[in-house]
Amino acid sequence: MALRIGMIAVGLLLMAVAGVLLGTLSLEQAMTRAWVMQDLRLSRVVIAILAGSALGVAGALTQGVIRNPLASPDLIGVTAGASLAATATLLLFPQLAHAWLIPAAIVGGLVSLLILLWLAGDSKLNPTRLVLVGIALSFWFGALVDWLLSSQPQQINAALVWLTGSLWGRGWSHVWILLPWLLVLLPAAFTLSLKLDLLALGDESAQCLGTDVKRVRLLALILAVTLAAVSVAVCGAISFIGLVAPHLARLLVGGRHLLLMPTAALLGAALLLLADITARTLTPPIELPAGVLTAIIGAPYFIFLLLRYRGW
Amino acid sequence: MIFRTSPLLSVALLLLLTCGFMMALLGGSTFNLQPTHLWQALAGSQTLATELLLSLRLPRVLIAATVGATLAIAGALMQGITRNPLASPALFGINTGAACLLVVGQTLNLPLISNMPLLQTTFGALLAGAAVFLLGGGGTGRLHPTRLVLAGIAVNALFLALTRTLLILDEQAQSVVAWLAGSLADTDWGHWQQLWPAALLGTVAAFTLGPKLNLLALGDETAASLGGSPARVRLHASAVVVLLAGSAVAVSGPIAFIGLMVPHLARLLVGQDHRILLPVTGLLGAALLCWADYLSRLLQYPSETPVGLVLALLGAPFFVWLSRQQQETT
Amino acid sequence: MSYLNIEGLRLSYGKRTVIDNLDLEISAGRITALIGPNGCGKSTLLKTIARVLTPQKGRVRLKSQDIHKQDSRTISQQLALLPQSPITPEGVSIRDLVGYGRAPWCGRWGRLSSNDEQIVTDALNQVGLAELADRPATALSGGQRQRAWIAMILAQQTDLVLLDEPTTWLDINHQIELLQMMRRLNDSGKTIVVVLHDLNQACRYCDELVVLQHGQLQSQGAPADIFTPQLVSSVFDVQAEIHRDPVSGSPTLVALD
């Protein structure tokens, strides 16, 4: 059962990869333009896969911790915090190399997590409160980003395209700064699987089944924030993948995190690829940012979840 | 019912409003405006300064005050009918919905409708408001605070993404970008002509709803048993909200947080009675937006910050505080 | 040295002190009920024994080891808790749920050995859920769900079992079923501490009563010895007669007008 579903997910992913690579070109055309494939499209595919899976896993971790299927890094204000830090770096220190964006975004994400915990945290980390305060925080960070943009009008265009979340103009150099982070973070996330399973039973049960609830929760949140921030640093704020991918994964393979997290990673990658290809082929030659597409697909799905969710 | 308002309070409020009005009228200009210029303008002399005051500043300040009042009253009505302290036009995606429809109108360039921004924004406000209300559980009569906020987020995100798509696809619509951040910079007497009839109508209608909202505050069942009709009051109030928010957004762009913040401040000042709460909310909202407009010119002097941003910077921490309170009461 | 020993315990939420300077001994192999009016601290006490809450002062010792000084895993091999309102996760089968009970005994990845699988199957059989084992846990009715959680506690294989108001929200037939299950657990050698709301059920199904009032120990002993009209009137402010239950012979409260 799980194997079959895994194959479906991989198949989806492959189809999406092929789609992005070929795009509007036919196969023969593609063969003759190998450089386009290698230099432009392939690197883009790889980035989409990496960033998409980071977002998927970040969402799965967040939902596991907050114990609310409607939570995701974008909703608790972490993405906005990372965006703010990255925008500030981009605008105030334009001469810095792109590799600095990742540490900046991570710091931004972690600081916003700290603010969130400070504001919403009692010892128990009440899920509803986390979400509400998180939403408020993302409003505030969003306003600060807008303020930065309006005060630096000469750079506004680059920053705007980056902010909506786009894969445009990303190349192999971005792959190399993204990859090492994910090679560390993803396995670290997978080791938390069993603890997250237990956390889903409620704090008291998790504690009595041998979980150090507070520690696991903090660790998972930090991992989720870092994963989301890394992808924000490279692709900008791509919304809703962190929400949709883990949820679809839960429908496919159930609630055991050992299976759920890899599936969420696969689905996240596939979703981002699909969004990217749609963004490119919908209205040529103008390219839409992939982040807009994920929002247009993701928001209705979120609404659908909201209608189904009965846990109020 | 006790009116918790003293003459002192009314004086203080009016003073706040007048000061804000004057500051917004005269302050933060590269052209050194003095109160004396105002007298000259009133006396009918025509200098550069008086010309500036009458044709640029005066409409702008009037619009600021009116937009502030309408948005604040819309927020108070929404909080009244949903019995939810987090309800406000911006959080419910009403502002973004209105903005999105306006951009749609600009892009499609339909012959008749494109010239009627009020119609477009009102329809957008209606669309978004209805969606959030229904998604938040309004159909079942059980509105859950978090659920409402989440529904607002989703609807907001959807309209925002649509707006961005249109902006990227259509070069002509680029002029709307500054307006989208919520700005009073380019307003003139033409906008004022557009704004005041709808705002006046909406405000008067809102005031007549006051007593009914008081009943509603007791809970649907009690309100019904005291002879009110909760469903009908909600419907009327929603129509008024759509009119108020739609007309404000058509002129100033989506300005967030006034509708959320001001009703709470007003409630702290005068208590829960909507008959007095709604007018005070209006006054406070007008004063707040005037001051924010003044601030928006000072913040990065001599260039202007969109006033919507100033309010978001002020308002988001308030929202944080409110959501913390929220959790303690539910 | 006794089995479970509580000494000088103080617990407060913020400024409100719920339990103050409580000393208590609970002996092995018996069913002990914690009773008392709402807010007397009985659930708080249970959660402290379960190591969910950390006391501001005092010690809880299980077999002369301070439980708050050991790590979660060691403790989870010795005591199990059925919370008052357990959360049933989505997308997990009943067998998975019961399998979580093996978490204290298996490795980091939660892989179950064939021995673990056997224990899970036995637990499912004991509570009569073997046929439903592959259904999603969320599809169960209230009574069945409580049984699934009992199975999870069985799979955890601990000496000490803590139950926090296990009969709340259940219909009377499921309440009795659950209490009988509790007796069987006890017969198989487990020590049980349970918070109960219904005084008559506590008297009938438990060996020992611990009566708490305002965070203090009011009285402790076998129901037949300590459950008197005086106790009921001083702790619960109810005028009542105590009769003997015609079936079991345990004391039964009948309120006076």
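General observations
The chains carry the letters A, B and C, assigned in the order they are written, with residues numbered from 1 in each.
Going forward, a contact is a pair of C-beta atoms (placed from the backbone, for glycine too) under 8 Å apart; a residue touches a chain by one contact, two chains touch by 3 or more.
Bear in mind that the values here come from a model prediction, so they are computed numbers and not experimental data.
In this structure, the chain pairs A-C and A-B differ in their number of contacting C-beta pairs, and the larger number is found at A-B. Measuring from the average of all protein CA coordinates, the nearest chain centre is that of A. Averaging C-alpha coordinates per chain places the centre of chain B 55 Å away from that of chain C.
With centres taken as mean Cα positions, chain C sits 42 Å from chain A.
As a whole-number value, the distance joining the C-alpha centres of chain A and chain B reads 33 Å. Against chain B, in their complex, chain A makes its touches with residues 70, 75, 119-120, 126, 128-129, 131-133, 135-137, 139-140, 142-144, 146-147, 150-151, 164, 239-240, 283, 286, 288-289, 291-293, 295-296, 298-300, 302-303, 306-307, 309, 312.
Residue ranges on chain A touching chain C, taken from their complex, read 67, 69, 191, 193-194, 197-198, 200-205, 207-212, 250-251, 253-256, 258, 260. Of all residues in chain B, those touching chain A in their complex are 86, 135, 137, 144-147, 149-151, 153-155, 157-158, 160-162, 164-165, 168-169, 181, 256, 300, 305-306, 309, 312-313, 315-317, 319-320, 322-324, 326-327. Listed in rising order, the residues of chain C touching chain A in the complex are 47, 50-52, 71-73, 75-77, 79-81, 83, 85-87, 89-93, 96-97, 100-101, 103-104, 108-110, 156, 162, 164.
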